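First chain A sits with chain B, and in the next complex the same chain sits with chain C.
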Partner chain A sequence: MEELIEKLKGELIAELNLEETTPADIDAEAPLFGDGGLGLDSIDALEIILILERNYGIKIENPAQGKEIFYSVKTLAEYITANQKK
Partner chain B sequence: MKIYINADSIVTPLGFGTQENLAALCSYRSALSWHESSDVASGPMMMAEFNDHAIRLESKILNLESQYTKFERLVIMAVNDVLNQTHTDIADPSVGFIISTTKGNSVLIDHTAESQDGRVSLWKTSDRIGRYFGAANRPIIVSNACISGVSALIVGKRLIEAGVYGSVIVAGCDVLTHFITSGFKSFKSLSTKRCVPFDGRRDGLNLGEGAGAVLLSPNYDENSILLAGGCISNDANHISGPSRTGYELNLAIRGAMSEAGVQPADISFTDTHGTATVYNDEMESKAVTLAGLQNLPVQSLKPYFGHTLGASGIIETIVCAHELRMGTIFGTMGFEKPGTPMPIKVSAEHQRVKKMHHCVKTASGFGGCNAAIVLSVPQYAKTQSEPAPVKLRSIRTASVFGSQIKVGKRIVFSSKSSEFGVFIREAFKKLGDDNMKFYKMDNLCKLGYVTAGYLLNGLQFAPEEMGIVLMNSYGSLDTDLDHEKIISEQGDAMASPAVFVYTLPNVVIGEICIRYQIKGENTFFVNEGHETERTMKYIEKAMEKTNLHYCIFGWCDLIGDKYRAAFSLIENTEYNGNIGAGAGTEGSDTSNSK
Partner chain C sequence: MKPITITKSCQLKADVLTVNGCEEPFDFKELVADASLRRRMSRIVKMGVACGLKCAEDLPSDSIDGIVTATGLGCLGDTEKFMESIVVNNERLLNPTPFIQSTFNTIGGQIALLRGIHSYNVTYVHRGLSFESALIDAAMQVAEGRRNILLGAVDEITASSADIQRRLGMTRDYELGEGANFFVLNAATPGSNQTTVVDIDTRSGKLTDDELSKLIIEMAKRNGINASDLCVVANCNAATTDSVANRLSLKNKPLPFKTCEYHTLSAQALDFAINNSTANNTLIISDYQGINHSLILLGRI
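Up next, the complex of A and B:
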């Protein structure tokens, strides 16, 4: 799990253009969206859906479903562990 | 001066010409159908796509040779129909020509080519269309995302009022391509069923294609409809998500009603953007309520035409004009169960309404832009109050060239690196701006954002009293190529929403509006050159009509490693301090001197 969390942090930084953010800056349990945390928005959520599909073979058809899954890096890692096919 | 819609044409899969389209609507026929497979999308899709055979047949009638693309043909068909209905001589220099589109010939974009087919460039496409007709004026391109059509009507009206033209042909068109369908798919905003605007079951929009054209002029006959008012605003909230309050669309509606001299009670119906995405319709229900129109009929025409993007504002406005004449409000086909946070009056069935006098047409789009117009039956037109005179002067300039930024004549920043990425990042940091979203922007937006930062530095203003009008020659081609590369190399399913959202040039205006909280006029033109004189006349009219204190007027162009920006801050020295166009109309009767 720890390994996956670190990998995810790197992917988020690269794919979402989170410049000037290092993996150490990201608290795995802090909210990804909204004020505080990383301040991601709806376009970032769609990009995370793409990351899941491309890198982990996980499809999320309904973006509304993403709310709990995308809460934090940790919830994201847990979801991937439970659903990964690749 | 009053400006009328004098002839019109709609070209969609429902028919060639306005009458065929109206007949289809009268009998609840939709252009939307399920396509198991198609040339314009990967995988099945519910959409309104032309039958190629029908276009070929119609082209033959017009003797349109194969050198013209589908986009160009559709524009030519609609404009040709309008010219045939009137005595307009398009070779006369007093006749203006405007084309609204989001993506024009996007089918020709090719990242592997050494240089792009000239027709990819919006102004070159417009040049071809202009030459087909022997037009005296090369068509002006308005590319304002999904409000382009309504925007272009407002631009046409204001250019006549400003004395630039005696009359103007306004055409709008978009055609479906992999470029477009893959992008909307990546946004998860498409429904697999026929869209149901404002309904609790709505789950997305359907794409459509088509063209529309009208003639705007100060002359009128018994069939004319008055374009009584128009106003554009920006949410200043998010580049793709609609406002959470609807306040800014409400500002545009109020601005348009104020210019037309009408009160909510005068309006017979509102034709909304009504795309049937969850958030768009939610926002519109709030805006309609804030504007005082919630107890009057509201419709969306998207279940008939789909979302025809840059054409939708023109096509739907034409339908509205005919609804006023026919005494019919078309039903929002398929509507069953109300599903918006603010209750509004939507009906699935057509309604016969006697004596309709005025209606409102709205649109909203990426980049946070909103537009609204008021149409009136001429004999019921209200007396419009004279706007206060404006006096304009340029109070500041900021320009970016090479790796230098100048404010006025003074060099305020220069970088050792001529590489755009390095230069713009250093220039951004020098501004002391800590907006992390800067790094997510495409290069065109970074260029405009930083230039605006140096221009506005320290200036205080209220959101509604500032407007912004930008233009360039390459549109969003730099990012268009990135999007096209992704889908051609990795497939449509890998389209990136964070790239696709920047394939609209007006999104740079959206980014500036969000950062500096600008909610007034916003329009994006694609021209070969600066067209300073004409554009300044447009800006003067926009500032006068919507009561702006300031307006940014700028050139912002970027392709590959070539870039150039030059912004000017225009002040209205006669500004009276009554903020915004819509302000003061709430519950007041003073703007309507019957």
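Up next, the complex of A and C:
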């Protein structure tokens, strides 16, 4: 899980152009969206959906789950571990 | 046309920002404080936004009645990213950011959003005459009573566009260039050392030196100027410059400007003329690849 969390941090930095952020700056349990975390927005949510589909073969079928899955790097990693197809 | 005053000029070239001819410290983080906005901006957007914001910094947002920008090829870096992702991902799962940022009007739009300017906002993409079209529009906006118009021009070099242009033989005479230029135009009475735009003429297609010289003589005549008195800023090749100088019997040696080639280089030539010509009447002769020609006549009290 730790390895996947670090990999995800790297992918988020690269795909979302978080130029001024290092993996060490990202708290795996902090919220990705809104205040108190990375402060991502809806366009970033689309980019994360693409990371899940392209890199892990995961398609989120139920949009209602999105808020829970996208809460933090850790929740993303847990969802990938449970659903990974690639 | 009624002369339009240029009250400020800014240029960003090779990471050096100059404002009215003087170099200014440039920190993009200071200009765009919002990190989430900054991280989505590609190089050309940063160049254009930085230059535009700097140029408009002294003006209250509600006094800017229009933003008119020009670009030959637009946000190429993002366009290339988007096109590449279409190929790599087999036309599926395309990233939204490069698509959103690849549009030609990104720079004009971002400046308006950052400064809260809700007025006229147009981008001209007319190949080698993009800046001239924008300048004509900006001049007409001022003539119609709008107060300050922020006029800009931006183009960038990317590795693949440079490769394509080299293969097409478009770099035979000049290397490729890039840059961002912005100007504030208004109807204010020009002060000493301020430049006015007096007349503009554009032509597409091949033009002989004789035809070009005739156009210049006509322009000078309709503005009550003797063509031989003009100070010429030559944004065209040396052979054309010499030929025109001879035909017009210019009293002053033309100021050579052109060292590179890109679609909106005439905006840089305008900045150069503002900061280097002290003549009462300056004429910028521009030529893009021998097929887009323009004459911009400037005045100075």
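Here are a few things to note about the model shown:
To be clear about the criterion, the second predicted complex is superposed on the first by the 82 of 86 C-alpha atoms of A that agree within 3 Å, B and C clash if a C-alpha of one lies under 4 Å from a C-alpha of the other, contacts with A are read in each partner's own complex, and residues count from 1 in each chain.
By our rule, a contact is a pair of C-beta atoms (placed from the backbone, for glycine too) under 8 Å apart; a residue touches a chain by one contact, two chains touch by 3 or more.
None of these values were measured; they are calculated from a predicted model.
Put simply, more of the residues of chain A are touched by B, taking chain B and chain C as the two choices.
By the document's definition of touching, both partners, chain B and chain C, reach A:L46.
Of the two partner chains placed by superposition, chain B and chain C are both touched by A:E20. Judged by the touch definition given at the top, the superposed model places A:M1 against neither chain B nor chain C.
By the touch criterion defined above, A:P63 reaches chain B but does not reach chain C.
Of the two partner chains, both chain B and chain C are touched by A:R54.
In the superposed pair of complexes, A:A30 makes contact with neither chain B nor chain C.
Common to the chain B and chain C contact sets on chain A are residues 16-20, 39, 41, 43, 46-47, 50, 53-54. Residues 15-20, 39-41, 43, 46-47, 50, 53-54 of chain A touch chain C in their complex.
Interface of chain B with chain A (complex): residues 186-188, 238-241, 436, 439-440, 493-494, 496-498, 501.
Chain C meets chain A in the complex at residues 35-36, 38-40, 89, 93-97, 100. Taken together, the chain A residues at the contact with chain B in this complex read 16-21, 39, 41-44, 46-47, 49-50, 53-54, 61-63.
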